[in-house]
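Labels run A, B, C, D, E, F, G and H following the written order; every chain starts at residue 1.
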């Protein structure tokens, strides 16, 4: 199963990179936020992959099956929290974008920079 | 959206069930997947659906933004006060075992634990649903004051 | 009286003076009186403390600044010398200031007296400080408190000069002096002024070399080239300030610090082993010659005096670096001698300005006839600078020559001779033209300066004379230094 | 009996899968949006229906079946609604269905 | 009750934050915030005393679940010092903000603003006292989100874009931290810092553990605005409302650096960080660049808030320099400077607040003669400025002392020289202000600006006095910092 | 067998995904998203059986629900340019297109 | 999923990006399902596909949904990305094997503790809930606070816009 | 009133079906939940005959099997279209009369049209529904009006 493991991690890495690139490279603010979402989601996948035991099952206690192998619940908890943090961040960022759009009339970062420079 | 008959009828059909389903998720977090957060989101989903179909103003009449704001605070306070309550009842912060008096040591008091989890999840649910609803209200608000930028033309492009 | 209490009085009197000046800022007479009274009180206290200076054991430890370094004071001979000098001259300077400030209707008089008092208190702290860090703290306070005095006039020129003043002094002290102190601390884990120095034998001489340079250049107040730029710049200040800066507090604080570091941190014995000592001597000699030469070329009286000061300060540095007992005593004595002489000169310059608004050398023709007291005092001061007997300057120069001959340092000898010639070259023409040239027509309305100014002038001129005839007060103190060495 | 149920279950699942894939192909085969709706609706109706039915058979008479049934009903209600809404929006948005006689302009932005 | 202090420190502002939203009256909200931050301050003082007298770190098991199972609060000397300074600054800024906010925030948003303020405080305190890696992330996000919101409240529209930039950078940073924690977790199976510290040394050879260290360091460096990733800071501090700038400048970056110290010294083996990861040189180089870059840019600014922001970047350079030395004295210098710089920068920002309150701006070119109009305000600036330069008898001096002696201890003479050089630059940029304030005639005689109201001056001068007090009584910022550094190295 | 079903669903999803990426119109994308949504419901239900934990159907329900709401929201966006109307569709010109 | 992500990056139309984001979330949560993380899948579905998408759409309503033509590949971001990639790949090869029961994550006593005791400790068969609300209840309190903070932030930013929308009209020159 | 009660009852039953647990705590919570959902739904004004057509329950059961049958048939047809490479696709667009008076009726009819592959309803007007069909056959079948009649019958409007 080494290959599957590698596959998982590789996927995490690639997603992470795509997300990160999107955050840094795109000029559009909404795309930045979307990129951040991708980036974070990749981290979630990393954590969840850590918690998995092959042949295990979801960590909900089964009454009549004493020998069941459960996957590790801890990463799940962490990621639940992290997802929430992510959505909080997203909503705040988007609210900011709305305000920026109202204030500047654009959501392209380079255009905003231009406006700022003109002012100074 | 009164003219959009299909959506209106379907929404009417679904909303009560969604609400109930949200509450079910809320209270069955112990037994299966679910819990306060998910419940909160689903609960809000019902309201969002209502907004989509019947309009924002109508939804605001049902549950006012002020109430939403208050509720969001109430949720956090509920959670935190469970923590404080357990201190006052002689345990550590968030030690649910202290919530129900018993001769047993707190750690071995699953009843208290259960109660604590229930309350806490309720707090989560209230906060999450009201916060998301409040965020949604604010995002969806019609804002005709519109773009006050200095001289930057509002570029409206075509979608593909 | 208990010496520790005396010490506290010495340290607190100027502070109290500052506070009271602030409180009575509205009442000019009371304010000035307070300044004068506290000056006298301070001097008395210093005199009373005199007998305890030799024991080198009076300590006042306030609190720990750092876990291992206390904020503390200690009475010892060199400091006592400096304190006596400063407190004595404060009295005179106050008298003079009252005359000068009123005579010229200066603005911000309260600020002037306030900063003055703070400067004096930091001078006292500096002279009594028990370790290097305490010394450094007062050194910085002195810089900051004299900054408003330099920029007193509030003109653009004053602000510019103030910037130079502060930039050089604060900059050098933080960049080099502090660096040196911390380095010293990290090597020795102590900063106490200890007879015999605090460096052990096995400290890397290379480090010591750099340290010495850091100290010499870090103490910008000593105005060794190229750190001298602040001094001519500071000439925009009112004359009492120049007098204080150039004769008593600031520059002397600089050379005093260097001397103290040489004696108590490095110890003369170690100093001669440091390669860069020689270098410092050369730089100091260079400074003496160059500064004298520049002074020679000046046309503005106060600027001339400033460059003269620069050269005189380097005498002291040079003497300290020679590190023989004679030379060290020479350094200590020159602090005093130069102080008396130079303050007289500045008082005279201020007096001329107050009376006639003249600042340039070529305007002084015949002024000796109009302002005889002033010019006689000026003559005494100038001759003392040159080093002629029977004036104070002679004694210190004599000791310095002895020290130089002791170690057979021909360079130093040559420097002293050349600079003496140059000194003579720029003082004597002034004296000549003041007394023997006729004043230009139409200057009959010029009179002698106000009385307080004249009194102060005469006092300092008298001191210059007295010092030659009764040097024991100071020489005994410096002799006790010999014991330490 | 047991076997019968199993067979039935498998059959249902198999049929469901087949329908799903056919639908999937359909959304590529069909030329424009409105025809694709039809393909999509295959997957939503019979595809989903058969699979859920198969699962129901597998689950037997338990609450699970009830839930599966709920899902089924849910899909059957929402899916046409959203398709309808989508179609309506598309028309509103200026998209013209590509009919027999208008082969060459499938998109007309209004 | 005393045993609960540790958690109350965080829980009280946490529960007070939603209460703020429920209160309509502005005065009441302000009173509540002041009281709460005051309580936090008292708690932190008490805790500091407790820690300094006890042999070991204080711990608290939340929910009574023992350490690796549940979340543990752990307060050692460093944490106590940081908590102390954070709550102190929060308290003073809260006092200050009542008047200064009047002009900056719309009245109906004030309760929300204060709520966010308390949340930010909660987050920062949470970071300091937690003993759990993931919990640290959560609280970091609380404080970050709150600070994004707070910064965006600035009057100028540029506040929005600054806040957004901070949000992007901050989230990347936090996510990096999350990746790092995840990788650590992958190898140890635990999140408790003490537990991690026990398990990690055996695993340091693993490349992925090394990578996790790298991610944590990068993430926290972003959060603490170390040189190449500082770009969010100037805008954020410049455009935020003044109380926010003051609060964040004093606390946010400091707490991130604290977190970095936690990870480097408590969780990882510091000897490893030096010998294998070459973090020392890397930090030192970046720190030096930051010091020079920040100071030089600070020289060029006309907007004083921006000037202070760049100065902060330079000061953060100092902090990293101390860490980069990886010695007891270096670390204690960093802790000292965290403490001192918090006080100094907050004071300076509060001074600007007074000026903005009265003048409506803080442009250097228009401040001529302000010293006569607002003597107390300007005097405060002078004292804090001197402290920033590192003049003796001010708090700043002690940190400069500690830092220089730390560099000298390892004989990095060039570093010492650089520190001195940047101090010189600090003299220049501070003195530009002083000169304008005192020694230039004000341009328009008609301006009848008066001294700022007492409500602003009192908190300001409280800090000024502390500035001098901590320059004289160095128990906390030197001795305790030393103890803290010792214990970090001992562990 | 369940596995086969899962694979079949995955294939369908893949096909839909390609459609979503290719477009060409936005409505095609929405349609694809919708298809993927319902397929996710199925896949989750099936996977519940595959892993022997059929009690995850709640999730499937949630998916169906969210998917529906999402699609409605998207449509609103296009038809009205806002979520806030209560009048006729053409009362306000949608911002999204012109 | 990866394709989806890449396409989002390249997509000029933000709206399409939003839809793809929602698809991406659905796929992610399916993935979480296969990894046994049911609760996470639940949440991701509700949040990623639901709330996030709706919020992004709402934002697009206000800001329009076209981006400028994408510039050519930017160098600096690429470098940063490559650097991070390098780091990750460097760390990749001795990661604990995927899904092995003897990974440290699973052998650490707390993992066992949770699995064995959570039911008896809390009467809650769902271990995730037990940990979430009890063992690590404090994290969850933090999580709730984060949500609350976001709510406060959005209110601060967008609340009361209609009344005072002229506030930003005259930005001061900074 | 009875209508509301029955919706409440429906919600209660729904809870039981979802939950399947019978511990007193959960039952109480269920009751409360149902009441809360009901209350909110009432405030939203979504509970009326249109939204919750409880009165149609019986007739629905007769209608559904027929519908399913129709769906299967239609499915097969569309499948054939998809799979037959030679099949020409001739979409048709037409308006279909509908005889239902209530909105509910129209919605049910429209949804049924959409539900059967091959035809989708595009918009609903006062007395007709615009339909898009994959082939002419679909339209023809609808025009025969069997579905229309059955739906009308089911919603009980004639």
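Assume a residue touches a chain if its C-beta (ideal position, glycine included) is under 8 Å from a C-beta of that chain, and two chains touch if they have at least 3 such contacts.
Everything quoted here is computed from the prediction, not taken from an experiment.
If you compare D-F with B-E, the chain pair joined by more contacting C-beta pairs is D-F. Innermost chain of the displayed assembly, by C-alpha centre distance to the whole-protein C-alpha centre, is E. Averaging Cα coordinates per chain places chain D and chain H 15 Å apart. Inter-chain spacing, taken between the CA centroids of chain B and chain F, is 23 Å. Separating the centre of chain C from that of chain H, both taken as means of CA atoms, is a distance of 103 Å. For this pair, chain D with chain G, the centres built from the Cα atoms lie 30 Å apart.
Residues of chain H found to touch two or more other chains are 18, 110-111, 121. Multi-chain contact residues of chain C, defined as those touching 2 or more other chains: none present. Residue positions of chain D touching 2 or more other chains, listed in rising order: 23, 25, 37, 67, 70, 77-79, 81, 83-85, 88, 109.
Shown are all chain pairs that touch, namely A-B, A-E, A-F, A-G, B-D, B-E, B-F, B-G, B-H, C-E, D-F, D-H, E-G, F-G.
Remark: chain B residues 5-6, 8-13, 15-17, 19-21, 23-24, 26-28, 31, 50, 54, 59, 62-63 touch chain H in the complex.
Within the complex formed with chain B, the residues of chain G that make contact are 13, 15-16, 38-39, 41-43, 46-47, 50-51, 54-55, 58-59, 61-62, 64-66, 120-126, 128-130, 132-134, 137-138, 140-141, 143-145, 147-148, 150-151, 154-155, 157-159, 161-162, 165-166, 168-169, 171. Every residue of chain E that touches chain B in the complex is listed here, in rising order: 4, 7-8, 11, 14-15, 17-19, 21-22, 60-65. On the side of chain A, the complex with chain G involves touching residues 1-2, 4-6, 8-11, 13-22, 24-28, 30-31, 33-35, 37-38, 41, 44-45, 48-63, 69-81, 83-92, 94-99, 101-103, 107-108, 119-120.
Within the complex formed with chain B, the residues of chain F that make contact are 23-26, 55-56, 58-59, 61-62, 65-66, 68-69, 72-73, 76, 82-86, 88-89, 95-98.
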